[in-house]
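Look at the two complexes coming up: chain A is in both, with chain B in one and chain C in the other.
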Partner chain A sequence: MKKLIKNIWICRYRIAIWLLFSQSSVLAQSTPELEYQLKAVFLFNFTQFTEWPADSFHSDSEPLVIGIVGENPFGAYLESIVSGEMKGGHPVVVKYYKDEEDAGTCHVLFFHIKDPQRRKEIIEGATDKNILTVSDDAAFLKEGGMVRFFTSSNKIKFQISLNACKKARLELSSKLLRVADIIEPPEIK
Partner chain B sequence: MLFANLPIQKKLLRIVFLINAIVLFLAGIAFFLYEVHVFRTSTQEKLSTIGKIIASNSTAALAFDSPGDAKEILSALKTEPHIVAACLYDKNGKLFSNYLSDDTLQVLPAEPGSPGYHFSAGHVEGFEQVKQESVSLGTLYLKSDMGAIYDRLKIYAGVFLLVFFVSFLLAFLLVKILLKSISLPIMALAETARAISDKKDYSVRSVKMGADELGALTDTFNQMLDEIQQQDSHLKQFNLNLENMVRARTLQLESVNKELESFSYSVSHDLRAPLRAIVGFTSILEDEYNDKLDDEGKRITSVIRKNTVKMGRLIDDLLAFSRMSRQDNKKSTIDMQAMVDEVKASLVIPGNNEKIRWSIGELPPVNANPNMIKQVWENLIGNSIKYSGKKEQPCIEIGSFAKKDHIVFFVKDNGAGFDVRYSDKLFKVFQRLHTPEEFEGTGVGLALVDKIISREGGSVWAESELGKGACFYFSLPQA
Partner chain C sequence: MANPLNQPRRKCAQSTTFLAAVFLSLLSSAAFSQSRDTLPSPLLLKALSLEELMNIEVTSVSKKSEKLREAPSAVQVITQQDIRHSGARTLAEALRLAPNLQVAQVNSSQWAISARGFNNVLANKLLVMIDGRTVYTPLYAGVFWDVQNVLLEDVERIEVISGPGGSLWGANAVNGVINIITKRSSDTKGLYAQAATGSNGQALGSIRYGGQLAKGLSYRVFGSGYKLGNAIDTNGLEANDKWWMINGGFRLDWEGSKKDKLTLQQNIYYGKPNPDAADTSAIIARGDNILAKWNHIISEKADYQLQAYYDHTWRDFRNGFTEDLKTYDIEWQNRYQIDRRHELTYGLDFRLMDHTVTNLELFAFLPAHKRLYLYSLFLQDEIMLIKERLRFTAGLKMEHNSYTGFEYQPDVRLTWTPTETQTVWTAVSRAVRTPARIDRDFYLFLTPDLPFVSGSDNFRSENVMSYQLGWRLRPRKNLSISLSSFYNVYDNIRSVEPGPAPFNIPITFSNGVEGKAYGMELAATYQLASWWNLRGGYTFVKKELSVKPGSKDMNEASAESDDPKHQFLLQSSMNISKHFEAGAVLRYSSKLPDPYVASYAGLDVRIGWNIGKSLQLNIVGQHLLKNRHVEFIASPPKFRQIQRSIYGSIAFRL
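Then we have the complex of A and B:
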């Protein structure tokens, strides 16, 4: 708990700096660290606005897992955010996977992978397993991804493909959709 | 106008109005207070509900750092014109987005307070936590003015006034209609009572209009009237009988009295004829048979004649006394001074009572029957001459003085006088305080005086000391 409060203080401090900079349009070239701090917060918040099918949890106390595959841009920051937080009785935890083959048990999957073929495999694998896939690759949604971060007017925003979410039987809160850009890429054969 | 003096109809109307006003006023106040309470509670609840909806809608905006979206959500508050200010704080307490209604200058709190709503100076304001699931994302602030309550109370006051006037109108009409059952019998009773007291007609009856207390009152009133009418007719009958009786008795008495008077008159009158014969024949006896009678015979005839003369005088007096009752009492102004001089002159006989020293004072005129008053003077002055005759120097004083509304005349002498112990006998017929041997007289004179003065509305009295003279007074009403 102490840790959380400490983190919130750090977070507040950093966000304040970020907001300060956002006023002077330097965010486009802002430090990746600050950008990913915000993305980490968003990532956690996605868990609060998304409903997973009941069978995606084996028990009531089973943790909700945010998985990171490949390069980890958040450092320990994401863990500090989710520490102690819950989602409908499930404790929220972060797991790092070296290999996407291991990522089948998570609920939110963030990855930062350059190889399109590998991306496609991960996305296809996640669809059957009710995993909310999140990335910041430009072509992510076209490849069947669900949520993509992007930067617009010096702010971090995200696009959502509802079709992809529906396929994975994930239900996104309309409130989340309000603040997102809904993009529906053509069906992938 | 005092309430006690108002007509019953107005009284009842005022009572009904007063009760109506009090009941309506109290009910109005109760409803008003209840309404204010309900409104405050509901305003708070409504604000709280709005707050919960807005807070619930703002979660994503706060979670994903979208002040634009937050602004859009808050601007939905435009539809609720009484909400004057609203804002969102992020989870660090920093102002995230705000909404201010157009026409107000509202100051937003610098940082969020504890959740809950409260009233403050014409406003309701409060904070609502913004939470998604269990995660706290920020705080919502809402501020509403109390315009809604004033709008509502205005409508309420209008309705209240309308109800007030309508109920007064209804009460007025109902009282007018219903009062008839109370006021009509009372007014009928009052009208009957007035008619009776004005016209003294006890045959009038009040009409009964119902079987209530007023009906009973009307019955009792009518019964009373029955009784009064009965007693009235009894009384009238009795009165009539009495009058008839009195009239009959009076007639009876009058006739008896007349009979008596004519009887005494005729007796006195008829007695004079034989007396005249006695006097005449005694005179003849004395004149023509003087030489044939001896001394004793002459004495006896002289005694007979003297007594006969005396009897004649007695009869004259009695005639005068009885005649007086038969005379009409015709009044006129009498010059007392002249009358007294005349009487004095008629009574003074040369060689007999010339030596009397007269002293006659001022005598004012009076309004009375002259014949009667002359009789009074004759009797009183005659008495004085008679009873002072044996004195060496008889003195007679005649005078008058005023006493209240009467004039008192007096005749005073220095004659024999009388014993005051017997003064009550003085004015009674045939009552004498002196023997005929001392002073001759019939005992009718003063009785006659008393009778005359009483008829004239005055009174008679006397003062005396035996041997030192007497003073007789009589009073007459002032002219």
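Then we have the complex of A and C:
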């Protein structure tokens, strides 16, 4: 018993020290509000629960890219979340795009853009390129977006449009769908 | 095990060293992390399941504690996190985490739980509610703790208010209110399954599945059960009071619109507690209840709530005596802001308790069947005297019951918030404990015609005038402290009076005890780092009761209660890494005067190991400092000792 306690303890001590270092490096940068910390973790989770068509990757080791267009509410937090993480052999990375035209090579795209026309163009372009589109915008699903964050009872929830995902040939795991609100907005012409 | 005297001491030394090690070596790293924000670390967030992520309140830390900080009462909250990290197996064990409660285990299935003293297995000055349903037997105005089971994983929080809550909550809230609140079913989507086994033949299991049926309509179904092992009897032998309990039910929540919320929930239970350690026949306790609730928001300034429930509970003591209670309750509550200064809340409640017993020849409640009606009206006005600084709250509850007619429970409170981080409050309240059937209708016969004990029609309500002063402060973002003090003046507390000479029978109950109690409760929560939370408190209670002139109380003003003067609690919860969690609860209770129970310290430790996102392994040790110990003696000279317990559990979330 004594030996067991000792072993557990040594193991934990190491973890604690390591944790301290890993945390302080993140803290050196500014940390976003809890809301966006959670959304960052959700974005990472989306990469784990989504299957892309085989042709969205050119090679087995090509990174899986989470793209951010426009304003970046995550700071460097999203990077710290995905650092070292993989998805089926593809390392998960974050890229920031000034212009949505550069965003064609990513796999998940998060954006918050005010201009509805521009928004629509991004969604259409992304759907053609099998990109999972994610946003906070209230009208996002109506405009053809796939996943929309919203806040209910002070907690982060999300809605998913399965039709939109299907159009982009994306398959979402049942684990993800079970906790989401499935919303199918009427088809837009 | 051969020498029970040596065993505890050695174990004790080992356990304390272990705890010291945990605390000391983490102290250095904690010093570094103090300055930063108390947000969860990326590692921890990533380790959470989708369901758990969706359960984190975005603004919880500041907003909720802000509300708590301003609350003009001695309220303490036990969160889901606190329960999980403690390794508590049952609701009663989870209540040990409230620094402002006296919680003592009597034997394997019986508990004595109270606030601000007057503790006993038949404690009658505490009001307990589970999701708004009052859990109460009019048999003795107390709670049968052995049937109050909830799936602890689905508890959102437990609010424990020490001090009178009579004006808002109603009779019985003389010394405190416990509010057990379970999660909305929209927050319990997916599968949760847990199985545990351990020392002393204990086994626990629970399963829950939740999901969404339609937009805004969510559900969960659940079942849980446990088997708990023997205590040790007066002779040092296994007492054979092991017992088991199962329960199950469902909850439906519908958020029809932003303004309407409907809840329907049901719970069914069956258990065989065996407090008397009978060889052949344990008690059979079963029941079911169903509750519906409708919340409607009229505007930002007004809302109302309508709630109705039916609760059926049945208990067969297996000696011929049975108790059957059907409670029907409907209540309405309306809040609206009259103007910038006044916020008015009023409520109406109607309750019928249909109580039937099967009597024994010499042990009886007469009449055997009784309908108890209760209706009440409460009114409360919250007046903002100085905007955001000084609030005055006046409340009154008028209640009519079948035994004593009208009872009045007024309450005034003043809340001063001098700065953003602190609140000073004071309250003066009156609360009553209305008669229970045991006070009025109980008979114990020597022969079928000769009563030895007889209930008394003259028994009135017990009452308290309570004066409280409290201070809540939050000197830093990660530290909140609450200090409350009270001075309670009691009158008409139950006494046991000898009958007329020469034989002094029948013995009757009267209101022959008066006196005062005073004390203070200090509690604090300290988020040392995002991964390390410390909480705890110290509680001091002193009772000075005396026999009133004219009374010959045979209990000599003990009010049949036995309370520790000093209590201490410290809980540490650590999320050490993505994979490891460690929790410890240390508690101390000073001696109980009569029946004498020695002071004791208890230590529970939990180690949790997360494997991936869905699997968790736990090892929990309870009462680690001693092989066995006594917490409360309900029927001297016999007593039971609670054994050390170790269990391992596996939990699965999908």
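Throughout what follows, the second predicted complex is superposed on the first by the 157 of 189 C-alpha atoms of A that agree within 3 Å, B and C clash if a C-alpha of one lies under 4 Å from a C-alpha of the other, contacts with A are read in each partner's own complex, and residues count from 1 in each chain.
Note that in this section a contact is a pair of C-beta atoms (placed from the backbone, for glycine too) under 8 Å apart; a residue touches a chain by one contact, two chains touch by 3 or more.
Keep in mind that what you see is a predicted model, and the values were worked out from it rather than measured.
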| item | value |
| --- | --- |
| Touched partner set for A:M86, first chain B, second chain C, both or neither | first |
| First (chain B), second (chain C), both or neither touched by A:L176 | both |
| Which superposed partner A:A76 touches (first chain B, second chain C, both, neither) | neither |
| Partner contacting more residues of chain A (chain B vs chain C) | C |
| Touched partner set for A:A139, first chain B, second chain C, both or neither | neither |
| Common interface positions of chain A, toward chain B and toward chain C | 8, 12, 15-16, 38, 42, 45, 49, 155-156, 175-176, 178-179 |
| Touching residues on chain C, where the partner in the complex is chain A | 14, 18, 21-22, 25-26, 29, 32-33, 36-37, 39-43, 45-46, 48, 50-51, 53-61, 63, 184, 186-187, 189-190, 211-212, 215, 530-531, 576-577, 579-580, 582, 607, 654 |
| In the complex, chain A residues that touch chain B | 8, 11-12, 15-16, 38, 42, 45, 48-49, 85-88, 155-156, 158, 173, 175-176, 178-180 |
| In the complex with chain C, residue positions of chain A that touch it | 1-2, 5, 8-9, 12-13, 15-20, 22-24, 26-27, 31, 33-35, 37-38, 41-42, 44-45, 49, 77, 80-81, 151-157, 175-176, 178-179, 181, 183 |
| Complex contact set, residues of chain B against chain A | 56-57, 59-61, 63-66, 69, 91-92, 94, 132-135 |
